[in-house]
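Quick one: the structure is below, and I'll ask about it shortly.
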Amino acid sequence: MAKVLGNSEFWRGLFALIMFVLLWEIGSRWKEMFGYSLPYVGLLPAPSEVAVAWTKVLPKWGYWESWYMSFKRVLAGFLAAMLIGIPFGLMLAVNKYFRDIFFPPFEVLRPIPPLAWVPASLIFWPTNEMSIAFVTFLGAFFTIVINVIGGARSIDVRYLRAAQSMGASQWDLFSKIILPGTLPSIFTGAAVGMGITWEVVLAAEMISGGGTQGSGGLGFFIWNSYMGGSLPQIVVGMISIGIAGYLSSSLIRIIGARFMPWRRLF
Amino acid sequence: MQKAVEMSRSEGHAAGADLQSRVLLEGVSKSYGEEWERQDVIVDLTAEITPGELTVIVGPSGCGKTTLVNLIAGFETPDKGRILLNGEPVTGPGHDRMVVFQETALIPWQTTYENVVFGPKLRGDLSGKELQDEAERLLNKVGLREFMHKYPLQLSGGMQRRAELARALINQPKLMIMDEPFRGLDAMSRGLMQEFFLRLFEENRRTNLFVTSEIDEAIFLADRLILLANRPSFVRKVIDVKLPRPRHYSMLSSPEAYAYKREAMAILHEEAMKNFKSTATSKDFIDAYSKRAD
Amino acid sequence: MNIAIPGQPSPVQGLAPVAKPTRGQISIKNVTKIYDPEGVNVMAVDDCSMEIAAGEVCMIVGPSGCGKTTLLNAIAGFHSITSGEIRLDGELLCGPGKPKADQGADRIVVFQHGALFPWKTLAENVAYGPMVQGKLSKKDALEKAHFKLAEAGLGDFGGKYPGEVSSGMARRAEIVRALINDPAVLLLDEPYRAMDALTKSIMHESLLEVYDRTKVTIFFITHDLDEAIFLGDKVYVVTTRPCRLKKTVEVKLPRPRNFEMLSSEEFRVLVSEINEAVHEEAIKAFQSGEREMA
Amino acid sequence: MATTTVTTNEVPQRRVAPTGLALAWHRFKKSLRSPTPYLTVFGIFLWFFTYWLLCEGLQLPRFVKIPGPVTIISEWFSTNPSQGISIFTPEYYHHIAVSCRRIAIAFFLATAIGVPLGLLMGWSRAFHDYTFPILETLRPIPILAWVPLAILMFQGYETPVIFLATLASLFVTTLNTMLGVQSIDEAYFRAAGCLGSSKWDVFKHVVVPGALPYIFTGLQISIGVAWFSLVAAEMVSGDYGLGYLILSSYVNGVTVPMVIGMLTLGFVGWFTSVLVRMIGDRLMQWHVRALALQGR
């Protein structure tokens, strides 16, 4: 802690952030102070207004339910993508025939942005909830698979040879060398995939309109605030999602460090 | 290090019959590449790795030494000729031949101890207490007892090399293959590693093939010295090094060692210069020299 | 230290007829460097003094990480010194009141892993110095660069990028890049560390050839004793952290030198004389390294 | 070998290396000897067949709502499409052009701002310390969360969409450029110092070219991200563009143009990313050639 406080980088960063908020405050209150409004910035709600709006929603159950709903959707799509994507990616990396057959169609579908799937999946799946889950799954799936393939194929051939000459079977090679060797890329892919998942959940919630109030989520919270014309509440929603996204990627980093003790060096 | 060396000396000389294996290379050839740019790496190489001796193969880098190692270890198969281990042809990798790789190939996600017990555990040769005792004995011998629960990346270069030696030795190979194992170490730790390695070898004289591009290292370690020609490689000359054992680092600057050095150096310098001179202006130069792994 | 070599011309007579060098005399007086990260004092260099005559090849031998590079960085102006002073041709580089030397083209460093800009061709790299100093126009600089490269036997590679040539060629080009600026001192920081012995010996010959032509003062850091003796006029053996002078040996091998000297009797005598001191430091460095890891 | 006839089993020592088409033909012939091309064709066929079987062949309950491959292809290449969009309708190209124009503007803006910003952040310690925390604070907020704010701040259809796409690529480009500068080996700065460079020389000859590989990696990601946000923005607010085409088709209950929009989007997105890579390779011959020699 003493190290952080004695560090000029920390103070500079803090100063910059405070200045940023201050300028924003002045910019949005320009009209009150000088009688005319600044373009664009003048339309933003002041940070103080945002803070007030936040304290108002904090005790409300609906706000926390939005958190819960969004997290649930992210988790569902993300876990499905991991559970299907990792074995699929490993199969593609390990088995040449499998790769020859399944990789080309995969590559054709990959460049389509996940959000473009939203309408199609709304048509296909019987419920809104299922279609959101499907699109989030797609968002993370492609990223994870690509990372798994890249990771598994970049493993140093000498590890495989060393194990082979000590009498490792195919299964030993897979479970003792390829799988742990791919872990770092799996977690990199998971971190990126998590970011995409949040984007997709948000978009799906906004586009599908959230349906009834109960099936909301943070995306719907923002959309609702927009429809209701409450600018400060939009910003509250944005910051909330920022925090949520940050929390989930930190979680992945912590889990990653647990699973890969050899990367936690010195 | 010194302590570790003392320990290994007191272990005594346990020479078993399975340590005395013989490898014969008969007319081995290997080439790579598309047919229009086919490069012969090894051509008609015939040599013998004699039982209970330390055979050192020396050649300029990029001359095909690593290919030779891969062939003997069974990672690759020769285009022509055959390789016999105790009369049996080599068909694939096996734990009777252990390779200590260039730069080390310890598995980074296993601790030093896990790396060492990896082989026996896979095959189920040794079990439980027995395995643990044997692993700890070997780790003790290489002076890594206190580091056994560290990961390879947490060890220094010299320690990694010693851990790799322990990992190979626990498999009781009939033949040890060392592929420029001390490459990448600085000259000083290298000297210490050579001494340490010699103590290990002199203890039971397990048949050993050591591949290197350093002449000093080769003369210091070898019973027999095989000098390779530069690409394509074949045996240029075999020199029997008759320096007394056990060897001491000061022997390297003895007149006898220098006589060997002179002999070997004249040939190797000529081979190394092939890279520079023969093709100094042609496009082949770039192919031959700049493409090789540095 | 003075070996009489019967039947050999004395070193002075053996020199090529080059005018006696007048630039590049370095005096290092009582230089001490203490690093102070987070309040823990680490002494890297302790009271080092040496006098390097103009046109001398000065070799510093010591274990890696012993603080030799700190000394080189102080001369080059990358690091400050804590006390003492360094002068070049009588002018103060750094000393009391001026802890850090200015960087300048009179002292050029050749780095351990090479620092040719990978995004410029060899010729562009060589032309870089004269161009940015405004000595030559871009066109003239490139022309001169091509000429200098051809002189060093790299004429065909001027248009190649450093990533396309072998590390040996890259290192030679880097020396050309340094010498085109006509520096007073060439500072080499273990430039051949990652190379195998045979490539190294060819590098040595090419460096010696350059030296015989230019007689530039060379300050060379290494941990390889053979390299030090083969190249140097004076060999300084330094201790491991902090870097202190342990032994100074004058090398009176005749110039021009060639690889055959590496296995000569005079060479052997020199090696056996310095070996002891170097080996001692290697073991010390090894033990302190092992202790630190634990 | 004194004979001039070359028997079939005797390969000449060195043949002239084929180039261009001949090399491609040789590779193709060689690949026919391996199972790869057959399996690939089989894989694509299998995929199409499954798709067809589910949607058109068996007409399974939920799949029947999705247009099958036969329907899509016949509609896509029809001169008189029943659902309004095919390669013969000008409207199709109008959507593509609008989206591409938006991407071009956004990508240009993001690069023009992001690269200099990133270079400065990587090069100057102080600038980095003052700006990086702000960037890091704003970055975790998903681009989609900016949509309502963008619509309110910038009136109309065009500006908010471009703003969102720009913002998305800006973060990626800036961050990668900064990492690029930070990844440059200290030795290059020292060497430049030794050779008598001024600060400007260092910037021009070391900082910019040294960061280039990272910058282009960043640009390739950034154009992907730009498409991603563009689609979202067009879906929420827009009058034209591929994203709008997809959503409006859905709203109007025509499914074929929706799928055509998706596929077109995939292709155009892929094409732009290839374009960026090609420009990068052009500019970084040194990088490309070194990688090629390493066999990558």
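Think of it as A, B, C and D in the order they're written, each chain with its own count starting at 1.
The criterion applied here is as follows: a residue touches a chain if its C-beta (ideal position, glycine included) is under 8 Å from a C-beta of that chain, and two chains touch if they have at least 3 such contacts.
All values derive from a computational prediction rather than experimental measurement.
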Quiz prompt | From subunit C, the most remote chain by mean C-alpha position | solution = A
Self-check item: Inter-chain pair with the most contacting C-beta pairs
Solution: A-D
Quiz item: CA centre of subunit A versus CA centre of subunit D: separation in Å?
Solution: 20
Self-check item: Whole-Å separation of chain centres (CA-atom averages), subunit A against subunit C
Solution: 52
Quiz item: When the centre of a chain is set as the mean of its C-alpha atoms, what distance in Å lies between subunit C and subunit D?
Solution: 48
Self-check item: Residues of subunit B touching at least two other chains
Solution: 154, 290
Practice problem: Provide the list of subunit A residues touching at least two other chains, using ranges where the numbers run on. | Solution: none
Quiz item: Which parts of subunit C, given as residue numbers and ranges, touch two or more other chains?
Solution: 164
Exercise. Under the touch definition given earlier, write down the residues of subunit C that touch subunit B in their complex.
Key: 63-64, 153, 156, 160, 164-169, 193-199, 201-202, 222-227, 259-260, 262-265, 268, 271-272, 275-276, 278-279, 281-283, 285-287, 289-290, 293-294
Quiz item: If you look only at subunit D, which of its residues touch subunit C in the complex?
Solution: 185, 187-188, 190-198, 201, 205-206, 209-210, 212, 284-287, 289-291, 293
Quiz item: Can you list the residues on subunit A that touch subunit D in the complex?
Solution: 8-9, 12-17, 20, 40, 43-44, 96-97, 100-105, 108-120, 122-126, 195, 198-199, 202-203, 206-207, 219, 222-223, 225-226, 231, 234-235, 237-239, 241-243, 245-246, 249
Exercise. Could you pull out which subunit B residues touch subunit C in their complex?
Key: 1-2, 60-61, 143, 146-147, 154-156, 158-159, 183-184, 186-189, 191-192, 213-217, 249-250, 252-255, 258, 261-262, 265-266, 268-269, 271-273, 276, 280-281, 286, 289-290, 292, 294
Quiz item: Which of the residues in subunit B end up touching subunit A in this complex?
Solution: 73-75, 93-95, 97-99, 101, 105, 107-110, 118-119, 122-123, 151-154, 171
